[in-house]
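Some structures to go through are shown next.
Presented sequentially are two complexes of chain A, the first with chain B as partner and the second with chain C.
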Partner chain A sequence: MTYDIVFVVASALAIISALGVILSGNPFHSALALIGNLVALAALYLLLQSDFLAAAQVIVYAGAVMIMFLFVIAYLGGRATEPVRARPWWQTLAALAAAVAVVVEVGFAIEEQAFGDGASVSEAFGAPQAIAASFLGRYVLTFEATSVLLLIAAVGGVTLAAHRPAPREEGAVSAFEIERPAPEVSLQAEVVDALTRFDVVRAGQVRDEDGET
Partner chain B sequence: MPDGFILTFVKAFVLANLVMGVFAFLTWLERRLLGRFQVRLGPNRVGPFGLLQPIADLVKLIRKESILPEGISPVLYIAAPALSLFASLAVFAVIPFGEEATIPGTDWKIFLFISNPSVALLVVFALGSISFYGFLVGGWSSSSKYSLYGSMRAVSQLISYEVSLALAVIGVVMMAQSLSLTGIAEAQDRDGLWYIIPQFLGFVVYVVASTAEVSRIPFDLPEAEGELVAGYHTEYGGMRFAMFQNAEYVALIAFSAVASILFFGGYEGPWLPGPLWMLIKMTFFILIAMWVRATLPRIRYDKLMSIGWKVLLPAATLNLLVTSAIVAWRA
Partner chain C sequence: MHVGVAWFLGVSAVLFGIGLYGVFTRRSPIILLLSVEIMLNGSNLALISVARYWGEQSGQVFALVVMAVAASEVVVGLGLVVAMARRRADLDVDSLTGLRN
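Here is the complex of A and B:
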């Protein structure tokens, strides 16, 4: 009974937040809805006796991955008032085709699996020990290859984003090397020039008979 | 409804209110202690020793006008402080204050925890990562430069230090061979050794990183008053502002509880009952946090980042490597 209530609530939240992801015009709201979806899925994992998977889902996907999404959107994304941009027609068509394909596939999966007896699993199913045994035992090669793949992606990202200083031209002078007159000297000269109606005589200037310099 | 549902609800209700009461008392204690550290009195006018000061503050905050600034996203703006507070409070759902206990005068037996999942430590981290969203969403929805900068700082700081925090904790998990908080406490009782001794490096990393996770001085860059007005909660006032502060305090209490269990044996101890031991150990950690706040100045932002990535992370990794080698050798 309690499980049924949790299942209905979590599934409803998952569907509503999934709709929120695609229907919201604001990328920040979409990303927030996606977080809600991932958390609702974690609740469903809990019902499937996968405590570890549920916690990992929240830490990795709802936590680490999505916070990066939100971070970038908050930095670069528009405000709530930004108008929705029109999409090209082929994008709509492709999205529809992909959606229909997923629905058909899920339909087949449900028809084959869902209405039979529930799978029988042992107590240890989904425990950290069982997951560790499959990651670091049977599938150790795949697991390590995946981490190398992620490392390559990270290094690639750093390389692409790394700030390379522009090559220095021959004879270029850095801003620090240019000697300028002290700021108060030039300021004083300007102020004195601008505000006095009298002739300004600077040291080194010679005044001729007519009063012209 | 199963019988366990009502009992769990009652336990959660009592614990949440206890934590809130402790929070109110801690704000008084911190201000009094800070006063002593800085050779002044601190609040001493409202009630005996100023003990009613938190209630006076609460009344003041409740009576403030609830302002919605222009240009905000109202739903997110209102939801953000609630999300932070929820995530901080929810951690107490998995924190054990003892084993099975009998209620005095009856023969009712209850467990002194709300729930005891086998992956309790992961649940703590999961709730921690949820609480980041309160700060980020609060800053973003305020539509203010200072708020956004504050939440950006908060998020980059929390992400950086969460890595070291998790790595520091894995050493304890390997020694205890368990992810459950009761399992870790019992493993220390079984080994006859608090894990602060073999895991001292991990302990130091944990304390530093958790101070950064709860954004307290010297790591309170997200709300550096000198530069950012008040960081991510610049545009918040009244009770909404108080909820953000409340969330930080509750997170401090929660991190102290987790530290007591991971490194100080939790509720296990001689003579006294389990909850009392937890309380003593948690008080120790909270007092350290207050002492640090009174002693250290705020550090610069680039130093904060380089401490996180270039000192704490290598230290935690070293601790992890040595621990795993020893555990594998002894097995």
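Here is the complex of A and C:
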């Protein structure tokens, strides 16, 4: 009975907060609603005796990934809010039809299956040891592929986000970047300055073979 | 009422549908990424509930892999959003038509 109540509450919370994510106009509120969704899903994972995944969900998803989202939303500030331009009504209708079609189709597929009570599992099901034995044993290739994927994503993220900004228009002011010549440019300027001071080379002058300018 | 695996699968299908609707209707890239997160979490719930139903670890392992994929997707997606913001582009996925022709 308690199981049923927890299921109903957690799944209702998950669905309501998911609706909050897609219907909220403010991206900050959307991100906070997604955190609620993730925590409710972690409760569902606990009902399914997947303790380790519930913990990973809260720590990795609700913790790390969502913090990243909130940082980017804070960085964008007011620009993160959606431009107000209404979509044509048939696009919204088509999106609704596609979403409902997926749900109805999966619902029929579930109905067809006539699931039983499910396997009885021991206490160790879903424990870190059991998952580690699976992940590092039978699925070790998947594990390696995942690590390569994460490395590629990290390098890609750095490459994308650390790109030099496009040259901006005259007079534009940015709070983040102060105009400053690159180190090699200022070094070059100093060298040229030193050379001209001692009258060795002047700009635009070419020496001939006799060393005369 | 007996809450079996079918109920969990139903919730996962509803979450997937909500995420799909969000991806189709919203135009801010950040909300799009959040909607994709909802879809991935719906599929994760399906994986985990079926893993519990069969008493098998494999579904849980692949749910972990899906989490890693989602994290990678967020890193690259948010990198793109920041790059768009740096280039003073409109944060609107409908205006990104540079590769159309």
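One rule holds in what follows: the second predicted complex is superposed on the first by the 127 of 213 C-alpha atoms of A that agree within 3 Å, B and C clash if a C-alpha of one lies under 4 Å from a C-alpha of the other, contacts with A are read in each partner's own complex, and residues count from 1 in each chain.
Rule of thumb we're sticking to: a residue touches a chain if its C-beta (ideal position, glycine included) is under 8 Å from a C-beta of that chain, and two chains touch if they have at least 3 such contacts.
All figures in this text were calculated on a predicted structure; none of them were measured in a lab.
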Quick one: classify A:Leu150 as touching chain B (first), chain C (second), both or neither.
second
Taking the superposition on A as described, I'd like to know which of chain B and chain C A:Val58 touches: first, second, both or neither.
first
Using the superposition on chain A described above, determine whether A:Val140 touches chain B (first), chain C (second), both, or neither.
neither
Which holds for A:Ala94: it touches chain B only (first), chain C only (second), both, or neither?
second
Applying the document's definition of touching, compare chain B and chain C: which contacts more of chain A?
C
So, does A:Pro128 touch the first partner chain B, the second partner chain C, both, or neither?
first
Could you tell me if A:Thr2 is touching chain B, chain C, both of them or neither one (first, second, both, neither)?
first
Is A:Tyr75 contacted by the first partner chain B, the second partner chain C, both or neither?
both
By the touch definition above, which chain A residues appear in both interfaces, chain B in one complex and chain C in the other?
52, 56, 64, 75, 79-80
Over in the complex, which chain B residues touch chain A? Could you list them?
1-2, 5, 73, 76, 117-119, 122-123, 125-126, 128-130, 132-133, 136-137, 139-140, 143, 148, 151-152, 155-156, 159, 179
Quick check on the complex: what are the chain A residues that touch chain C?
3-4, 7, 11, 14-15, 18-19, 21-22, 27, 30-31, 34, 37-38, 41, 44-45, 47-50, 52-53, 56-57, 60-61, 64-65, 68-69, 72-73, 75-76, 79-83, 85, 87, 91-92, 94-96, 98-100, 102-103, 106-107, 110-111, 113, 115-121, 125-126, 130-131, 133-135, 138-139, 142, 146, 149-150, 152-154, 156-161, 163, 165-166, 168
Quick check: in the complex, which residue numbers of chain C touch chain A?
1-11, 13-22, 24-28, 30-31, 33-35, 37-38, 41, 44-45, 48-49, 51-58, 60-65, 67-76, 78-83, 85-88, 90-92
Please give the residue numbers of chain A that touch chain B in the complex, ascending.
1-2, 28, 32, 35, 39, 42, 51-52, 55-56, 58-59, 62-64, 67, 70-71, 74-75, 79-80, 127-128
